[in-house]
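Before I ask anything, here is the structure I am working with.
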Amino acid sequence: MTSAISLTIRKYSWKYAGNLAFWIQRLTGLGLVFYLILHVHTIHDLRDPAKFDAALATFSKPFFKLGEIFLLATVILHAMNGIRLTMVDMGVGLTKQRQVFWYFTIGLGAALLIAGALPMFIYGILRHQP
Amino acid sequence: MSARVINWYLQRVTGAALLFLLVLHFWVEHFTAEVRTPHGLTFAVIQQRFFHNPWFVAVDISFLIIALYHGLNGVRNIICDFSIVTKPMRNVVTVALILFGLGVAYWGIMAFVGNEHLNPLNPKGATVAAAR
Amino acid sequence: MPPLLPLVELEADILILGAGGAGLLAALHATTINPRTKILIAVKGLLGQSGCTRMVQGGYNCVLNPNDSFEKHFEDTIKGGQFVNNQDLAWALVNDSPDRILELENKCGCLFDRNPDGTIHQKPFAGQSFDRTVHKGDLTGIEIMANLRDWTLEQENITVLQETRGLDLLTDTNGKVVGALLLNNRKGEFVSVKAKATLVATGGGATMYQISSPSLEKAGDGMGMAFRVGAEFIDMEMMQFHPTGLLVGKSIATGGLLEEGLRGAGARLFNKDGERYMERYSPDKMERATRDVVSRSSYMEIMAGRGTPSGGVLIDATHMGEKFLLDNFRGMVDRCREYGFDLLHSRVEVSPSAHYHMGGIRIDLNCKSNIDGLFAAGEDSGGVHGGNRLGGNGVADSIVFGARAGDAMAEYIRTAKAPGDVSTQARQLMEKWLAPLNREGGENPFKLRDQLERVMWRKAGVVRNGKDMAEAIPEIIEIREKIEQANGAGAPIYNAPWNEMINTVNLGVCAELLTRSAILREESRGAHYRQDFPEKNVKWLKNITVKPVNGDLKWDTVPVKFTRLKPPELIEQEKSLVH
Amino acid sequence: MATYQIRVARSGSDGATDSFTVELDHRMTVLDALFLIQREQDPTLSFRCSCRVGMCGTCAMRINWQPRLACQTRVLTLKADTIVVEPLAHLPVMKDLVVAMDPFFEQWKRVKPALHPDPKRDPKKLAVVPPTSEFGKQAQGKRDCITCGACYAACGIVGSNEEYLGPAAINKAMLRLMDPRDNAVDERLEELNDENGVWRCHTQFNCVAACPKGINLTDSIMKMKRSLLFPKKFHDKRNFVDNP
């Protein structure tokens, strides 16, 4: 079993930056599709205002706020990597793809995440009023 | 131009559009004056918006459709990356994903369209709005 | 009971052994003449990725510029070959090469380097009166072979047996060659091919030397096979040594070349004492002297104990500056760096390296050998380059004569009768080659090959003398006897010792012919240098030919026919006779 | 001289490796180590090698997980005492380190790698290709492919989809498509535009990292993707050749 896993990892030689980016894009993408469907399901509750408000109340609990931060992280990763991919598609920065990945996608993405997550953390979790 | 080129191209275009829409979405649902109350976003806020500015719904619905296209196209790409998915199977996958996407889109759109609570002409819906 | 490998029997119109430039061009031409010709190509390595055309760095000589002329190219070739070339063959080379370059470009898709205005670029090369070498950077061979390979892949009439080597040619009762017995290393099976015409184009035997530049699978297979069916050979003593083979200690990369252009651009050679020894050997031309002169000088330095501890001399290109080297010799700088040498800032160890066998199977203008049904082209054949080959004429030779062989074979098979049954003969030969696979004990083929390489390097190498070579003969014979008893036991597929044994058998043939020829030629000419006869002798404007007759070697010397150009010394002589 | 432990994957049982101890100096490569093992320790070891100086592309193998040319990999630069040598991934193993290149060349053949000369051109004239033209520029470094298969073995997509063209074939197709002498535009475009053509590339850059010749294969693939938006331009490519 372990050998099967290690063989698989080797097969997809994850240590290259581009490959890591590929897996990030795949996994975050799938996660976001899943979230989108859940989200549509919640929105559908607009047909029943009471149920909708109840759902929103649940979602403002700190646990779900934490989840929202996680969602933000996923979105930022997917978006920043998406921008990088579009740059690649346009033929920009092809020779510097490792640097683009680490500095732009990961570096700038982390900065954006902190900027976005901090207010969510402070207002949604620390100062949460039930 | 074949469907594959268009798909590839649209995936990029919709990606860019989603980036813009997402920022907008985040802003209106989390940071505008209406939602920065102790209650945050509620049904009433949405109803207000719906009555005063129908563009909210238009944007929301296009956001939904673009996101579904982008997401499900991505899922299709992942599935097609495996050679066990043969050509006839790929067509089945495509059709299945389109149907699924249409279903989700219908489910989402139905939240606004034909929703009696969001119909200004419906006395019951209007009452709720006036109560706030 | 020894395990018997399967014997697969195939049939083709044309059988081509070797898929370098010559082999594939022959296939191209035969296909062009008749697209339904059934062609079978056997390659020892991977199609298009083995052999020496692949390793060509310099380029391809041909007359394209209106200011250049066939006569000039011909004269350069003959002068370079020290007037012992077969002039008809050399003229054919010169005459055909521009057409072949057009064919390579417009039919096969090669793209050689261009001038800024988009016309083809021709670079200068040593020993030539005009800049006529067509090239693709310093990787010309890859361009040619990759495109020829791609062409071959798309042909439906051509079957390619990859990693399949020739073992022996098959003959009918009249001695006519009717195919060959092959060994498919990939599947571990013998293949007997019945063919109306057979071309050997497997490359020469330069790998019989300790330090050599060709690719590793090259082992004079074609010459060995042709010798065993009685082909006639010419100029076997002529072995070119390249002066700057990289010396990478014990690494297998030793012998890999540093491009000639480096010396042309002004790189200097030093011995271990820091002496610029070319001052002593060629004071006017220095390092820019021809390949044979520089190789010889380096070799003498090394033999006199003035070489580096690992037996080489030092090439110094540092004075040319980092920028110049990077702009012009990027490939060479990189190659040095791969083995931890710094060409930009320090001296690099080099040594003469066995490079090209000018001699080979004696052919006519249609690449026919003296044996019916057997054709030879490329390095397997001899006579085109005489005593020394010009840089850039080697790949031109393969391409031009490969094409000629293709044309000739297409013509030949039109009238040739379908060969009779060969399976009995194939089975007999198969048993002979199977013996080492089933042998217990016996000699180590790797050791014997090393021994052969050392003997040849020391006693019949760059600088030769009668005494040493006479000593070498019994040693070579001993190795040839021992190798027949070598141990090639192991799996039938990808069996390295077994293949090395077969290689050494063929190299042994080349080595013996080379040494015996070299003993006969009592003068120094071109690449052949005798310490005991250091001067060129007008009496030796002859070719030495040899063929096996009834288990013995039949030697002959044939005066060169000067059909187009007479050597100046002969003209002098005639003048003095008139007066 | 230093002692290295070479672990070589052997065919036979699945994933089994044999360990050899060899003495190598600082200039010696992985290929040297393999030759030493074959000559002195285990003659049954099999691997491929032709030119031994990085021109033939037959000695590509996985060295410490990365596809490389054995002849160009000095053991010193690996900075490890133990070197794991395995056959290339995604290609069937014939014996030990020898892989069958057939899957690679099957894909290679799909794009019609040979030149399909334009019958309208004069075969007696050489094409005029200024190095500054689009084809001239692309042909500069991208022609250096030695078909070693390293990119094919490194590509993650090939691992899950053996019907994908692979980086080397797409690079070849791009060169032929740009070639003003060539005529088989539609056939090649059809293969490239296949579901398993260029569209399977997800810019992992593994091929670029693996290519021993430093060819930017992802760049070629991206060029093809973009070009497929306007495929007509390949039919007009003869415009920059003054040879009707």
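Order of writing sets the labels: A, B, C and D. Residues in every chain begin at 1.
We adopt the following convention: a residue touches a chain if its C-beta (ideal position, glycine included) is under 8 Å from a C-beta of that chain, and two chains touch if they have at least 3 such contacts.
Just so it is clear, the model here is predicted, and its values are computed rather than measured.
Minimum number of contact steps separating subunit A from subunit C: 2. One simple way to say how far apart two chains are is to compare their mean CA positions; for subunit C and subunit D this gives 28 Å.
Subunit B has its Cα centroid 18 Å from the Cα centroid of subunit A.
The mean-CA centres of subunit A and subunit D are about 35 angstrom from one another, to the nearest whole unit.
Computed from the mean C-alpha positions, the centre of subunit B lies at a distance of 71 Å from the centre of subunit C. Residues of subunit A in contact with at least two other chains: 89. Looking at subunit B, one finds that none of its residues touch two or more other chains. In subunit D, the residues that reach two or more other chains under the touch definition are 202, 225.
Touching chain pairs in this entry, ordered by label, are A-B, A-D, B-D, C-D.
Contacts from subunit B toward subunit A in the complex involve residues 12, 15-16, 18-19, 22, 38, 40-43, 46-47, 64, 67-68, 71-72, 74-75, 78, 104, 107-108, 110-112, 115-118, 128.
The part of subunit D that touches subunit C in the complex is made up of residues 25-29, 31-32, 35, 38-39, 43-46, 48-58, 71-72, 74, 76, 94-96, 98, 100-101, 105, 108-109, 112-115, 117, 121, 123-133, 136, 139, 143-147, 172, 176, 179, 181-182. Put simply, subunit D touches subunit B in their complex at residues 157, 160-164, 193, 195-196, 199-200, 202, 225, 228-229, 231. In the complex of the two chains, the subunit B residues touching subunit D come out as 1-2, 4-5, 8-9, 77, 80-83, 87, 90.
Within the complex formed with subunit B, the subunit A residues making contact are 26, 29-30, 32-33, 36-37, 40-41, 43-47, 49, 52-53, 56, 60, 75, 79, 82-83, 86, 89, 129.
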